[in-house]
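Only one structure is covered here, and it is reproduced in the block below.
For clarity, chains are labelled A, B, C, D and E in written order, and residue numbers in each chain start from 1.
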């Protein structure tokens, strides 16, 4: 659609001709996507369109059958999930994935260690208590997501909305270059949804960060997105600016329904 | 027959219909932590009640308590469903008594295909919609019937969870955030379905973060805050009450 | 020296398997020990004290000290056995350790006693190594060994089955099995037998079918089961199940031999032992005065006849007590010296010598056969031949026993 | 203190005190009383307590932190023992090189087994480790006899070379394991009244090493490394997507815990220079699993308690025979005495397994967190004891007035 | 060639024993997810059911025979079984002779009862506890059961022969055109094989052609949700446990003539049966059976002398070696289900 633009500048994330089948089902076919640096790119589409599958291909959870995925000019395919994360990609999952047996604070420390020490480093004789600097960063982040008062809580026993916020905080504290968010506000109270939108906006202003976000909540999508790709049955239907998407008849029919 | 509690002091109770589901002075704990702190409410037959509140307010805990799951532990209180004392039952007995819960994390059973997940719901009586009819409602599931349930997309799983509840002939449907992760068109679909089954006499408690949508559908609304009921009234009242909306629902 | 008894009592340590597959054997050993202590302290009818050729024991304990004992569980593991023996030595002050139902354990405990400076009177241990390459100055064995079994069995086998036989060996894959097999092979080959094959079987094996199935087809007409305990029960049962004994090979009846018998295990194998030859250290049906006296006092006390393990343990205890009396001291070195080269009689196996070179007893060996018509559950074996001591003797430096060194006796602290 | 938090320091100090005073604590009954049977304060058993404590501490590092249930840990114990005995045979009777070599050998062994086994998780991992250990056991029992001396176990003999020491002592005996001349077997007995206490060189060496091992374990528990391990147990997927590679962490802790096992094996051999193949059998691996769970998996002190518990039963209860029972109940009239002895008889002596089995069941049913939880409950009950009355009153007022 | 056929036959039979033992275990362990260390004890109790029935049938009164003497020289007391009195000597002897097959009938109710009591009284509380706790409690139980048997029956093996008609062996070789005595196989083992096939088939049919298996699987994956669907999963777990105990017991009853039962036979088989189940793949019944046969046949091959001379000791480790290779090449064993006890 925007041929000239694409040629002119390479996006930080380049997905080219990606295909993925599950048995007889074509979950992704010929997906092309380019996400420009420091933008928020939303991916929307009906259930089962392949949105999560696409994210899975980006973080190494799935390997596409064909096609290529470049992050910052380097291919992510064939790399292990932790290597991809070390390249600067963090992901929030559709169902919260946290360290349930650990406290909130410990949940926050782990991504910080990963950032500081790389994929592995045996600090067997240093105590966690003595990591003052990391702790204060973790606390600051928790403050941002309004969870500081819960820092000693056992994370499995939090309500689901809280788990989501924690997971997002864990990704954000890593200071990723590309943040992948799979329905970050699902199940969040309205107030928190608004807080989350503000937080993400604020972070985007403060530092260089690119985000790809999957959401069914159009309020979130339209508040944040710079560009939107609509995925349907494994192929991108349209890619455009939010305003244009809102009015797009095909999108309204296939996806938005009365809501828009 | 047990003596039924007297709710006449509760102003918000519809005088006309007798309560179908009553929750009386229910206190629930997760281990030592005291979550639901003595709540009372009634639901009438054929009603849709929206249960609203912030994250961590105790909505899920309330539904799980009613469904008689092992955790939380209901340490005090009574729950009556159509003259049957649910509080003396275990969860499968409550389910055979006519309760259906769609849990918030969907709880699709790993290792089972879509169809097996549905068949499983039809092992214990009473049996509700036929599997074919459910596929008509959610064609997506029909297409994926041989796929393992947990590999479905998030939204598809949600559909399966709802279909699974309908596969049983239940009297009360407890929905914990059923719209979560669903595309807007599908939400419309489900809303229609809920209206449809309401017409057939189903009683529903709906927990939902999208308060506006929930209130459009619901007859009544109950608002929870830190384990206590702060409001119990009609949906229209909530929509009309600026303060309430701002304070508890942020809308 | 270690654990010199100071008060009016002396403590002996009886270390037997109380759990695990040999628990029944251990229990029988324990009964014998208790009986021996009773007799030493003047209780009961005196048993073999009355028939023992040495007359130093008078029912007043040992050196006038009342005999007390402690018991422990070897679990038939060398580790556990040593732990148990150590506690007897360190905590209970035992001056002598006895018992055991397997060679590995005996060798391990013997080593410990050597290091700790107490006397070890081995119980049931049949491996050549116990008084061969693993012999110790502080350790003594009354029980016979694999070499003796073979030397006793061979002539009987030759008489019964002829000199033109082909043998197939199944051997438990550990030290005892190897020495047993080596001994039998040497003895039978000396007769003119041919050894077709020797197959090692894992100790943990419970089903021997895949080892037994190929036997018939190998051209062998005798199967030698160098197994003990549960292995022997199972392999023999399996062999009989395969119908080996009903077969004819090379125009001869197929035969099975179990070199080392124990009555308890024979009971486990049931009907299957009928007519099968083997050897044993002692059997309750012996008619010498010593055996009769022992069977009588044991049978009266417990209601059934003693096993060979019980016999050897009882005898070892008396031998120790007598040696102390003769030495006039509990000092292990003096006791050892009193045992070395000691000749005695009246303890069931005819005139016996405790050889000084390796601390092995030399005495008659019994060749037995599974009884066709047992009269009771204890009457499973019949003695076919008492092989005289001369026939089973060997030089101390016999290759099967070489490599060890008694060392010097250790009296401990 | 020592870079530990306040609570950990307390636990650590308690462990030190317990370890140093064990000869007193374990000998509470005067030697001439009938209860002396229950005394455990003799060198061999005390050594076993701490050595198996080390083994269990190491096992708990792996199992308690990562949740990986190894069913083959005894292989490392056995490998360590063999290595140590070989050191005594070849080099010298000094325990230091033996212990070092046993840790190295066990560590190398753990690298190999861990590298392969850790490719799987859950029960598949357990069975892989079990298979390796059983293979080692079976081979040690038979085929590897030249190295392991088979069933009998590897012992030191008079004709071992012992390059840096002597093959035999002056009087023709086998030399004794020592620490630069300090003999492990040496102990002094101090008699105080009817009590006699044993102070054994070997025990104090083991205790010192155990204290060190415990300290290292506490540090690991509280370190970022320890936190990673708990994260692996909690959600390995999330860890990968957080940019961490779980494999090096699990392998590292597997090797560390294998070295703990090797250390324990080396110490066992140093106290009593024999290494038998049963040390590698699955029952031995199972034993350390039981010790850890019984004491409280994932807790600091639990494994040590569990080890003590099991070893106590094995060594003390198995020694209570009918004779001992009769002497205890001798004060009763004859009929009653016999009756009680018959009643108790199946549970002690050769029935000690039965008691042990019952204990396992009772502990796990009533104390889901193991012995440590038992301790906590007692502590809580004591603390609560005071405020009991008001608490009860409060509760009553909440009851509905029906 | 004949040697190979012989070992295949052998392996199939050994495999059928492994498969049968593993089948019971996989019902509890692979399906209910309970690490049941008491399974071996159930197998052992099954074998002792055969012993017990034999003892009951041979319950005797004593007749003093003055003409013979016992070991102490007193007149010998001869035991005369009551069945002989009731049915006559010949019929009595036949009944005693057939005690093992009769024990099948005897053991089914006994084993089901033991299984149900065990589940209701103990295991029930452990479904949600960590596997380690399950190991501890079932191991404790196994020891207790074992010690009880030891208390009453002693530690020695107790011969429990099969009926006389099954004595001896069948000559396959002749059927296949080999010389006589080349490929022989004991009749009782053929019976065992057939019996195993029957039980395996019956259990398969029950779980495959009814929804029972699906419900139990679902219940193991997520009890809470299954309860929400109105299903009393506890009852089904109990039934499953009873069934598993019965299968274990039957395996034991039929095994009694092959190896004389002793109190620790369960522990001897325990590790092996776990290996079989896991190699087969957790949660898979066909996997357990297949693994039983694969390991049985390979074990038989490894015990061949030709192979042992090349690789000494291979028969000692073959099972573990194969287990390692299979688990490394197939992440979830031969046919394992995803997610069953993988964490």
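Operating definition for what follows: contacts are C-beta pairs under 8 Å (C-beta built on N, C-alpha and C of every residue); 3 or more make two chains touch, one makes a residue touch a chain.
These numbers come from a predicted model, not from an experiment.
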Check: To reach chain E from chain A by way of touching chains, what is the minimum number of steps?
Finding: 2
Margin query: Return the chains shared as contacts by chain A and chain C, ordered by label.
Written below: D
Margin query: Can you check which chain pair, C-D or B-E, has more C-beta pairs in contact?
Written below: C-D
Notebook entry, point to check: Which chain lies the greatest distance away from chain A when centres are computed from Cα atoms alone?
Noted result: C
Check: Based on CA centres, what chain would you say lies at the far end from chain B?
Finding: C
Checklist line | Chain centre separation (chain B, chain D; CA means) in Å | finding: 52
Note to self: For chain A versus chain B, what separation do you get between their C-alpha means, in angstrom?
What the structure shows: 30
Note to self: Just the number, please: Cα centre separation of chain C and chain E in whole Å.
What the structure shows: 34
Check: Where does chain D touch two or more other chains at once, residue-wise?
Finding: 138, 141-143, 353
Margin query: Give me the residue numbers in chain E that touch at least two other chains, ranges are fine.
Written below: 312-313, 316
Next item on the list: Would you pick out the residues of chain C that each touch at least 2 other chains?
Entry: 23, 27, 173, 200, 202, 204
Item checked: chain E contact footprint on chain D (complex, rising order) -> 63, 67, 69, 116, 119-124, 127-128, 130-132, 134-135, 138-139, 141-143, 236, 282, 286, 289-290, 292-294, 297, 346, 351, 353-354, 356-361, 363-365, 368
Notebook entry, point to check: What does chain D use to touch chain C in their complex?
Noted result: 39, 42-45, 48, 138, 141-143, 145, 150-153, 155, 157-159, 168, 171-174, 176, 185, 198, 272, 274, 276, 278-279, 314-315, 318-319, 321, 323, 349-350, 352-353
Item checked: In the complex, chain B residues that touch chain E -> 67, 69-70, 90-92, 95-96, 100-101, 103, 107, 109-112, 116, 119-121, 123-125, 164, 168
Item checked: Interface residues, chain B side, partner chain A - complex -> 30, 33, 53-56, 60, 104-105, 140, 147, 151-156, 158-159, 177, 180-188, 209-211, 249-251
Item checked: Interface residues, chain E side, partner chain B - complex -> 211, 214-215, 217-218, 221-222, 224-233, 283, 337-340
